[in-house]
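Here's a structure for you.
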Amino acid sequence: MKLFINDYQEGCLPEILQKLYDNNYVANSGYGTDKVCDNARGLIKKAVNREDVDVHFIAGGTLTNKIVISSFLRPFEGVICADTAHIATHETGAIESGGHKVLTVPNKDGKISADDVKRLVKEHIEGLSVEHTVKPGMVYISQSTEMGTVYTLAEIKALSYACKACGLLFYIDGARILYSLFSKDCDFTLVDIAGLCDVFYIGGTKVGALLGEALVIVNPRLKEHFRYILKQNGALMAKGFVMGAQFEGLFENGNYVRYCKRAVENADKIREVLKEKGVEFESNASDTQTFAIFTEEQYNALVTRFDFGGATKKDGKAYARICTSWATSDKDMKALLEALSNL
Amino acid sequence: MKLFINDYQEGCLPEILQKLYDNNYVANSGYGTDKVCDNARGLIKKAVNREDVDVHFIAGGTLTNKIVISSFLRPFEGVICADTAHIATHETGAIESGGHKVLTVPNKDGKISADDVKRLVKEHIEGLSVEHTVKPGMVYISQSTEMGTVYTLAEIKALSYACKACGLLFYIDGARILYSLFSKDCDFTLVDIAGLCDVFYIGGTKVGALLGEALVIVNPRLKEHFRYILKQNGALMAKGFVMGAQFEGLFENGNYVRYCKRAVENADKIREVLKEKGVEFESNASDTQTFAIFTEEQYNALVTRFDFGGATKKDGKAYARICTSWATSDKDMKALLEALSNL
Amino acid sequence: MKLFINDYQEGCLPEILQKLYDNNYVANSGYGTDKVCDNARGLIKKAVNREDVDVHFIAGGTLTNKIVISSFLRPFEGVICADTAHIATHETGAIESGGHKVLTVPNKDGKISADDVKRLVKEHIEGLSVEHTVKPGMVYISQSTEMGTVYTLAEIKALSYACKACGLLFYIDGARILYSLFSKDCDFTLVDIAGLCDVFYIGGTKVGALLGEALVIVNPRLKEHFRYILKQNGALMAKGFVMGAQFEGLFENGNYVRYCKRAVENADKIREVLKEKGVEFESNASDTQTFAIFTEEQYNALVTRFDFGGATKKDGKAYARICTSWATSDKDMKALLEALSNL
Amino acid sequence: MKLFINDYQEGCLPEILQKLYDNNYVANSGYGTDKVCDNARGLIKKAVNREDVDVHFIAGGTLTNKIVISSFLRPFEGVICADTAHIATHETGAIESGGHKVLTVPNKDGKISADDVKRLVKEHIEGLSVEHTVKPGMVYISQSTEMGTVYTLAEIKALSYACKACGLLFYIDGARILYSLFSKDCDFTLVDIAGLCDVFYIGGTKVGALLGEALVIVNPRLKEHFRYILKQNGALMAKGFVMGAQFEGLFENGNYVRYCKRAVENADKIREVLKEKGVEFESNASDTQTFAIFTEEQYNALVTRFDFGGATKKDGKAYARICTSWATSDKDMKALLEALSNL
C-alpha cells in the first residue's frame, strides 16, 4: 500500500539524524539555552533577515497555538479565523481551554480576507452592548491553509493593514509554510512574513523534523518574559537542543529548500494528471495537499493500492486529500501518477 | 571541564538512536496510534506486570504534571506535596495556572509522610468553614525525590493507605524512578508502584531518552477520554512514534537497567569517597544525585575542573549537587573520584 | 418617555422590599446557611414538587451559567446551544473563559431541537479523529428563549431523551422561566422542568427581585461539594439571606404568579393590537418580549414617546423588541396600546 | 443570645433601605450605567479626592479579589501576601483557580512589610533558574487586616515604594477599610490610600450594605476595558443600580462615618475592659475585631450568653474573636461590657 495520507508518518531528514548521531555525547546546557538552539535561532533570523526577532522552539503546533493565543490576548479578547482553521476545528477546544473564544468567519477557498476582519470589528463596535460581546483581539491565518491554498502577498498585506487599523494582533500558523514557499501561487518570502505579522511559527514536524515548531516573535511588546510562559505551559524542554538540532538540520545547506521543493513539485505533478483526467478539486490547493473530487468508482479503484487517509463520500463523489511530503519516495510517486493516468 | 551538573545534557542511549536510524522511513500512523508506541506500551505493561493500565507518552515532566493534576482534580481541590516538590518550586506556577492550589508540607529529607497527609485532611475537615478552604484532593510525591532520597516500600504503602482512607488520589512523579530502582534504599519494584498509586509516570528524559515521559494510569476511573485531554493540552504529538521509540529503546533488552544501574553505582562511589573524607551531606540521597556540603575551600578547589551547576554558599560552606547520569564517562568519573580523594 | 426596554430597570416587588424592611435587624448566619434561604429553598422545592433537589442562590445569570458549565463539564467537553443563546452571544466569552467551547446550532425561532443534538453528537463520533474535536457534553436551552419563544413540553421531552441517549447533561437557563409559565404556548409546569433536566435555574432578577437566580440541581451526581464551587467562583455571598429574601418574596402567597401573569397578559395585548395593525413579527414570541417588525415610519412615530431600547434597521424596516415586565404601569400600557392602535 | 460573631449578619443601614424604597419604581439603565451608580461613583471620587479614578461595583469580596488578580497579572506572575491573608486562607483557591500562585510571607501581627516584599523579589531574581519560578507581580494587603490590625501610613508608604522599585502592582483589600479609618492606629485617609496603591476596594458588605464592594482603579493602565472583564466574570449585574444605592447610602450625609465610628468605639470599649481584667490579645487589633485569649473558664462563662462564632482551644486557653459592627445594639453592648467586667 502506497501512503499519501499525511506529512508526519516518517522520521526526519537524514541530515538531522546525522546531526543527532554526531553530537550525541556533546554536553549542552538545559532548557534551550544551548549553542545548538542558538545556532538554529541564528539560521532562522538570517532566513527572515532580521536580528531583532525572538525565536523559541516548541514541541508541537497545538501547544504553540494555545500558548500564543492565551498569552498574548487579554482575557476578554477572541481570535478571528476561518471556519476551516485548525484552531477552530481540530484542536479539541485548546484555544477555549486557554480562555478565549474563536470567532470564525466562513472561509473562501480556505482563506479569510481583510474585509472579513474589518466587518467583524465593525459589528463588535456597533453592537448595542459592546462589553457584552467578545472583543476581537487577534487574527489567525494558516499559511498554507488547511485547504492547501496559499495566501498571496497582497492578501497578507491587506490582512496586516486591517489588523493595524483595528488594533488587532496578526498571527500566522506556518505548520506548512516551508512547503508554501514552493507553491506556484507563492509571491512572498519569509522576510515578507516577518515584516507583516506580529508573531508566526515555522513548522518543523511536517517538513521533516522529528518534532518542533519555531516560534518567531516580531512585535517587541510580545517578547518579554516569554520563557516564563513556555515553562508554565510545560513547553520548555530539558533537552531543548534536540529541537534546536531539527531546525539546524532544516536550515543548514539549503536542506529544507531541497526537500520542500521536491514535495510540492510532486504534488504539482499529481494535480497536472488529475486535471488532464478531468478530475475536479475542492480547493485551489497549490502546496503538498491536493483535494480531489473523484467519482466513487475512481476512488474505489485507487484505494486498493493507495491510502489517502479516508475520504468523505457524498452524492456519488469521494472527496479525498492526497498528500505528498519530504519523505515521499520516487517509486510511490511513479505508481500514483501511473494509476491516476489510467483512471 | 568535567560536567556533573544534571542528567539531561546529552542526547540519548545509542540503542535509541539506532532504532530511529533503522526505522526512519517506516510509515507510522499519527498521534501515538502507531505500532512503535503500542510495542513500547507493551514493554511498560510487562515491566509493571499489569495489562489493565493505560500508558500515554508526553513530551516533558511539567506538561505531564500539569495535565494530570488539572484533569483529575475537581476545580476546588488542591494537591498535597513536600515544600521541596518540583511542582511547588520549579514549574513557574504551572499547577496554579491549571487552576489548583499546591498545599505544601515541610519536607523531611525531601519526603512527606502518611501522617502529614492525614493531618492536613483533618485540619481541612475540622476548619470552621470547610467550603471556604481548598479541599485536599491528591497527594503528589517524587520518586526519587528532589533531594535524591528514595521512599521505601513501607513509606509508599502508608501514603497509599492514607490516600485511600481520606479519598485522595495518589500520584507519583517518576522523573528519576528508573534510577531509584538501583538505589541502596530501594526495596520496591515498578510492580509495587503500579499497585499502590492511581497514576504515575516513568521518566524518560533524565535516564537517556531524547524526550518523553510515560504516564501510567492505573485507576480505571481516570482512564476515560484521556486522549482528548492530551490533545486539548497540546500534548498529542503528530509523530508520537518518536516518543514510543524512546521507551522501546529504554525497556528492550534490559537497556535501562544497564545504564541506570551504572549511573547510581557511580554516585555511590562518589558518596563513598566523600564519606571517607568527612564531607557531610544535605540529605540521605541514594540515587544519582549527591548533595554535598563542602567547605568553601574544598569547593573552590574542585570547581576549577568540575562543574556542579552552581552551589549555594552559606557560613563558609558550599552546598553543591553532584549529578551522575546514563552518559557520565568513565574518564570523568575517574578524574572526579581522584580529585575528591585528594580533598 | 414610556420605557419598554427591558425587565430589569426597576427595583423589586414591594412584597420583597417589605420583607427586607421587616427583618433588617434580624441576625442571620452567613453565606446562605440561614433560615431565610432555607425557607426560600423550601418554597422552591414545593414549587417543583421535589424534596431531593439542591437549591443555591447566585447573584446573576452569567455567573450562574459560567459556574454550571465550567463545573459540570469535563475540560474537553463543549456545550450545545442555539446560535442566539445568551451564552453564545452576550456573555463576553464567559463560557470560553471557563475553558469550554460553545457549539452553536442555527436556531429555529430561537430554539434548537432533539434532532440538532443527535446530529451534532453523530458528527462528532463519526469524525475521522474523534479526540481532535470537542466532545459534546451538555445541552443548554433558555426557557423562554432570547427570541421570546417558549419550548413546548414535547420539545423539552425530546431534548431530554436525546441528552440521555447521548450521555449529555441537560441544562435550562430560566432567566425568564417564571414569565414563560403564563405564555399561551406553555403546556408544562416547573415540576415537568425539574423532571426532565439535570440542572436549571429560576431567574429572579427579571421577574422582580433586586438580584439573584435560584439554581436547582436535580441530578444527584452534580450536587456534591457545590458550595466549594460557589465560594471559589466568588458566588457565595456573606449576606446570602438577601438573596433568600428575594425568593421568599417571589414564591410566598403566589406573588410571582400575580406579577408574571400580568406582565405576559400585557405583552399579549400588545401583540394583539400589532396583529390587528398588520405588523409582522420576527419570532413567535409569547412571553413578555415581542419582536416587532415596524416600517421605519411607524417606528419613528413611536420612538418620540416610547423607548424600546434601540432597533436594528434594515431595508426600510425597524426590528424592535418591546418588553413588558412585573413593573410596567397601567398608564404606560394604556398609552402604548393607544399609540399602536393609531399606527 | 447576644451575637458578636461577625459583621454581616444584619441587613443594611436604614438610610440605604429608605433609598431603595423611595426609588423602587424609578427606571434605570442597566449594568451599572445608571445615574444612581454615577452619583455613588461621584461620592467615592470626592472621598478619595480624585476625579481621575475609575470606580466599579462588584457584588462581593472574593469575586473582586479574583477579578483584580486574574485580570491585572500576567499568567506567570504571583501575588505576595501575608500567610493570614484572606486570599491565602479563606477563598477556596479562588486566586489559583484564576491561574495565579499566592506567594505567602509569614505575617507579623497580621501584616507584611516592605522588607518582606524586597526579599521575595530578590530571591526570585537571584534564583538559579529565574523563569522556572513564579515571578512576583503584585502585593496584596488587607486594611484593616484579618487580625484586626491597621497598617500605618508609614508602613503603607514603604510597601508602595517597594512595589514601585520592584515593578509590582500594589492592591489593597479594603473589606473593612471604612472601619479602619476610626481605629486609634489610623493616621491615614482614603486620599492617602488612593495615592499610594494601583487599585483598592472599599468594602460595603461588612459596614452596612446589603451587598457590594467599590473597586477603585487608580493606575491608568489598569482601567481600559474593565467592563468587559466584569461581564466575562459574571460580575456585571443587570440591576447595577442596587449596588450604586448601597454606596450612595454609605457616603451621603456622612452616614458611614457615623456608623463605622460607633462600631470601632464599641470595640475599643470591649478592649478596655478586657485589658483591665488582664485578658491578653492574639494581636494588636484596633478595628471592630478583637482577638481575645480567654481562659477556658472565662470563655465557658461567656458563651452561655454571648456567641463569638466559635473559638480555637489550646492549652487551657480559648482564642475567640469578638466582633462589633454597624448593627450592634446598645443593649447587647451593655450586656457584654458588664459580663466582661465580671470575669
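The chains carry the letters A, B, C and D, assigned in the order they are written, with residues numbered from 1 in each.
Note that a contact is a pair of C-beta atoms (placed from the backbone, for glycine too) under 8 Å apart; a residue touches a chain by one contact, two chains touch by 3 or more.
In this text the structure is predicted, and so the values were computed from the model without any measurement.
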Among the chains, which has its CA centre at the largest distance from chain C's?
B
By C-beta contact count, C-D versus B-C, the higher one is C-D
Taking each chain's centre as the mean position of its Cα atoms, how many Å separate chain C from chain D?
34
Could you tell me the distance, in whole angstrom, between the mean C-alpha positions of chain B and chain D?
43
Centroid of chain B to centroid of chain C, CA atoms only: how many Å?
50
Multi-partner residues of chain A (each touching 2 or more other chains):
75-76, 91-93, 97, 129, 131-132, 135, 228, 231-232, 236
If we count contacts the way the header does, which residues on chain A are in touch with chain C in the complex?
75-76, 78, 89-93, 96-97, 99-102, 128-129, 131-135, 309-310
Help me check something: in the complex, which residues belonging to chain D touch chain A?
31, 70-71, 74-76, 129, 131-132, 135, 225, 227-232, 236
The residues of chain C that touch chain D in their complex are 3, 6, 8-12, 14, 17, 20-21, 23-30, 59-67, 91-94, 97, 205-206, 210-211, 228, 231-239, 242, 327, 329
